[in-house]
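Note that chain A is present in both complexes that follow, paired respectively with chain B and with chain C.
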Partner chain A sequence: MHKGKPLILSIAAKEVLHILKDPRSLIILFLMPILQLVMFGYALKMEIQEIKIGVIDYSQSPVSRQLIDCFRGSEFFTLFSFEGEEDAINDLFMQRQAHAVMIIPMNFAGDLSREPLVDVQFIIDAADPNAGTIIRNYINQVILTFNESHQDLLPIPFDIRGTLLYNPDRKSTYFFVPGIVALLLVMISALLTSITITREKETGTMEQILVSPVKPHEIIIGKVLPYIILAFLIGIIILLIGIVLFQVPFEGSALLLLILSTLYIITALSLGLMISTVAPTQQVAMMLALVATLLPTFLLSGFIFPISSMPPLLQYLTYLIPAKYYLFIIRGIILKGSTFMQLFFPTLFLGIMSAVLLVASIRKFSTNLES
Partner chain B sequence: MNEIAVQTSQLTRKFGDFFAVNGVSIQVKRGEIFGFLGANGAGKTTMIRMLCGLLKPTAGEGKVAGFDVYTQSEQIKKNIGYMSQKFSLYNDLTISENIDFYGGIYGLPPADIEGKKNELLENLHLTPWRDRLTGALPPGFKQGLALGAALLHDPAIVFLDEPTSGVDPASRRAFWNLIYQTATRGITVFVTTHFMDEAEYCHRISIMNAGKIIALDKPDALRKKYQLPSIQSVFVHLMRETTIRP
Partner chain C sequence: MKRIQQMIEKEFRQIFRDRPMMGIIFIVPLVQLLVLAFAITTDVKHIKMSVVDFDKSRISREIVSAFSQTERFDIIDFTQDFKKIDNDMRAWNTQIALVIPANFGRDLQRGAQPQIHISVDGVDGNTAGIALGYAQAILLKYGVENKIQIPIQVERRPVHRVNLVERMWYNLELDSQQFMVPGIVVVLLTIIPMMLSAMSLVKEKEIGTLEQLMVTPLRKHQLLLGKIIPFLILSYLEMALVMTVAILVFNISMNGSYLLLAFLSFLYLIATIGLGIFISTFTHTQQQAMFVAWFFMVFMIIMSGFFIPIDNMPHSLQVFTYVNPMRYFMAIIRDIFQKGSGIFYLAKDTALMTFYGIIIITLAVFKFRKRVS
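On to the complex of A and B.
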């Protein structure tokens, strides 16, 4: 007797049909990441440009104008002179016409030639504390340059010159593009697998498949295979957009990234599988998958908030987040050109995590049938 | 070919302390339509799941199509068909795609599937519908198609778990015609049902209560034995006798 095609392929082929028969979901799947990327890429910038500074120059001297020119020379600032009373500064901030106000005192020029220390006042809008800190840092840098150019006699005990590696322009897109890849891969993989398996349980078709000679692991692999490929395609599209649209560099090995991404996808799929064994309906599966992937990946993986600045308890919790390890990997490969040996530990953790999840969920899947 | 399709002896399944199936012994011949009656929770579904290789028995012996229910569930699965009370085809796939899938998971070569598909669609008068979505079919047709899909791989035995629930009477009659066709092809039909009129169509029926078989014979023999006009009344009589205990 000649044989038909492998049973896994039959399952996978049917799953592909399900995916293709639902073009709306498919379009959403591909559009969502692109939209998110563009949104994050343009909107979620940590660097601040066009900082508006209102200037009150009581000094009106050549030196004060030099100081103002120093700010004008920087691409980060736009300056305007503020003629009103000091009491009216608050209105400036209220109406969001200025991020900061610089007040140069009357005797600025005279003091500068006599005194060792001269005050210039800056008032910064710190309603957004992050932005406030960044603005202060920028201002400090400009002042530093001004001081150096103006008074080379001034003794400067330390001359701190940091060199920024890997992202010298400090572009936050470099940071976010890998993060979005990590977020979307885990979301898509966990969400889609948990939904597709619970759907078969809900409609009763799972039982029909189980009385056939197909083994449980063949069902799972067959069902999950198309989604691995789908997640992969979406991941590649995100990366390409990041590279083309946002000029994110790609320093390391694409092959290594593909291999380790597969490991990450498998971890996420196992998570989805685990969810499908406990969720009775598609709705529950969807909620569980979102809760298990979206928020933790957003908040605890280092996607946006640095892990080192979290309270210790939360820091321990981050060890359970697969995206944490994947972020090490993808940021390392893309931005730094890290090699496999340098990424050995995150890879190992990811491997252990997916092995545990996979074994546990396949076992759970099989015992569920026994009741 | 073995003339005994299903044989069990003292087959038992416990869930915790609860005996879902308690010492059931039956023998079903090849080509027989064997009805399985009982109230909900009487143990019918558990019995079928054990015979299909989905559930291991706790005790007793069982052979399905000549294969042991403990050790040869793989062989059993290859030789049986199954149709559950839930409609088990995919509504979002076409009729043709559904048949391809169910042929595929039994490892049938694509050419064989194509041939059987044409034959089945012809038989059910569904040929013009082959590329329509299955969800658009009327319920009666769906049931027939589901049975056809369960028989694609020419199983020796087919298990039908309440196949006609939710189907109108006319379609139920049409469906029973399909069951008779199936049995004349030499396929053993093992069917559970709620409908007592359907029980009359079976060659032999067994009535289960609380995990045990309380009656097993030809429908007319049972009617004669209890001197009652229908299986319906036999069933009610037996339920009264066995269930109501102080």
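On to the complex of A and C.
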């Protein structure tokens, strides 16, 4: 029994040799996530940079020009004057030359001095409903400013004070950078271990292990150990770059983040391992690892789409996504300064998940060996 | 020609023999589509809310019940303790706190213009902004509806305001699935063909069968074509299947031409499979091929406008999207489905995508030749 430890270590050493034998893969492993993080960190932005509006001004009055100037004054809009009927608007949208078209009616100036409400029509390209909504809100903001500059708003008997905590400027970068870290970590880890065992199956070295006195759990643990270290190093690099480069305010404990990130990495590695024991070939293993991590992490973890808005059945499914818990953890620690106790449940779930996956892989692996 | 045909037959036999792989190719994308498409909603609902009511008057109770009546907000807690709210917010138990100060109701009736506070978890800035908007709208509505009972100190002046009339074209109901489901189809149908083709040559290299192929009278480009064509046929069938299911299950309205869609899908698959084969020519092991393919895939998805519009990106980064075939096809498929755009409007995207496919396959052939000799 006392021999258990060295055996694990020698299996780990063998895996390390295998990793070092292929320096290309190693370089790819370190460079790619960095490149991706930097690129996506800058690329992913909810904020719309430039809303192009075509203006049809039938009124041609000082007031209508004042309204147009109100839009010009905002940094978000680019206006161009546009003449044409509805067909031409369709054409404009199909060529993707405008996001919206503003139509100021003929008697705009006169009506504004007589009527309580004067309609100004905005035709918005809402093919992307999210972008459409954001554009509508931006437009609404300008209209409000215009109305206020003209007169007081309806009297409301109380004041509403809204405060945005943790991210007062609503910077989407703060929201996305932790998400990218979560995505990269889970994918790298799962892909790394997904082929460890299938590789041995394919190259026939599994038989050699079979005849050696090593126990299944020793093989599994020995194989995972080097990847924990590897993924941990990659994790530290990504976290550092993410926080420093994108100047994400760091509110919580760095130590706690490191510990819980390691737990997350172990969960993802165990997931890869589980896949590795199930898949017959490397190719199938990689495909499974990819399919199990890529889109589910994008869509079900809360990376972009809030979980609470999903249909209830799907919300239950999100409990199976490790990145969901890690997003609570990393966003919590970095942006809110959450403590361990506040993150107890996500941590617990990650712990349970990795334990279950590890035990299941060892079980499956032993039955593989016996048959 | 005969040789290519034989090579194609061999490839097909190999693929069909691999049962788990067939499962991955045909079943996994369907399952993912059916599950993931429901995840997509830009609607913000069931925002978890804590209420701090120091006033406890009729008015404050009415305000709270106005919040509890919508499905936008789920009131999860009533408390007087700010520490608890702070803790809940950091533990992700609550997202928004409504604070009604003491004497709010009395001050309101005296016309003393009291304040009401709303604090939102701003980490997800987009959701936070929407949540705050909803909360303000509920309060404003309450304020407007109940102003009769409140003495108005402001003298009434005639109001003249501009009213925003919006017309949301192409997606009247702002249904995200109409926009996202075709996008998911594109992503799913990129992952599998690209991975398959990226690993195909490398696998033969690794198990040593590439040498055997080399000593056959097959020419290099014939060998590559023999690899590409089966993948192309298979992926095309897969695309037809997944697309049909997507349209039927999610009621995606098609405003354009199916023929055009079928044709451009084919061009897109050439570009992606070409990219996969290209990866296969410069990597040595399946592991390397997979990591490189993975890198390209994540890059392609994020830089395609799939969920973040390319317009939002800094201009210096937008340049990178031009080397991304998915960028073109993402725009094409959405425009065909939603706007019913014809080839005339899609000419630029189509040309660039086709050009991309030609270049990448030429590169693959060139690289493969050099490598072998």
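As a convention for this text, the second predicted complex is superposed on the first by the 320 of 371 C-alpha atoms of A that agree within 3 Å, B and C clash if a C-alpha of one lies under 4 Å from a C-alpha of the other, contacts with A are read in each partner's own complex, and residues count from 1 in each chain.
Rule of thumb we're sticking to: contacts are C-beta pairs under 8 Å (C-beta built on N, C-alpha and C of every residue); 3 or more make two chains touch, one makes a residue touch a chain.
Bear in mind that the values here come from a model prediction, so they are computed numbers and not experimental data.
Of the two partner chains placed around the shared chain by superposition, chain B is the only one that A:L17 touches, whereas chain C remains out of contact.
When the shared chain is aligned, chain C comes close enough to touch A:L335, but chain B does not. When the shared chain is aligned, chain C comes close enough to touch A:A126, but chain B does not.
In the superposition on chain A, A:Y319 makes contact with neither chain B nor chain C.
One of chain B and chain C touches more residues of chain A, and that partner is C. Of the two partner chains, chain B is the only one touched by A:L210; chain C is not. Within the superposed three-chain model, A:F80 lies out of touch with both chain B and chain C [touch as defined at top]. Contacts of A:L7 after superposition: chain B is touched, whereas chain C is not reached. In the superposition on chain A, contact of A:P280 is made with chain C only, not with chain B. Touched by chain B in one complex and by chain C in the other are residues 22 of chain A.
Within the complex, the chain C residues that touch chain A are 18, 20-21, 24, 28, 32, 35-36, 38-48, 87, 89-92, 104, 108, 111, 113-129, 132-133, 135-136, 139-140, 143-144, 146-147, 150, 152, 154, 157-172, 174-176, 178-179, 184, 187-188, 191-192, 195, 199, 203, 283-288, 290-292, 294-295, 297-299, 301-303, 307-309, 311-314, 317, 320, 331, 334-335, 338-339, 341, 345.
Against chain B, in their complex, chain A makes its touches with residues 2-5, 7, 9-11, 13-14, 17-18, 21-22, 203-205, 207-214, 369-371. Taken together, the chain A residues at the contact with chain C in this complex read 22, 24-25, 28-29, 32, 35-36, 39-40, 42-50, 67, 90, 93-96, 112-133, 136-137, 139-140, 143, 146-147, 150-152, 154-172, 174-175, 183, 187, 191, 195, 279-284, 286-288, 290-291, 294-296, 298-300, 304-306, 308-311, 314, 317, 328, 331-332, 335-339, 341-346. Across the complex, chain A is touched by residues 15, 52-56, 74, 77-78, 80, 82-90, 92-93, 97, 101-110, 112-113, 159 of chain B.
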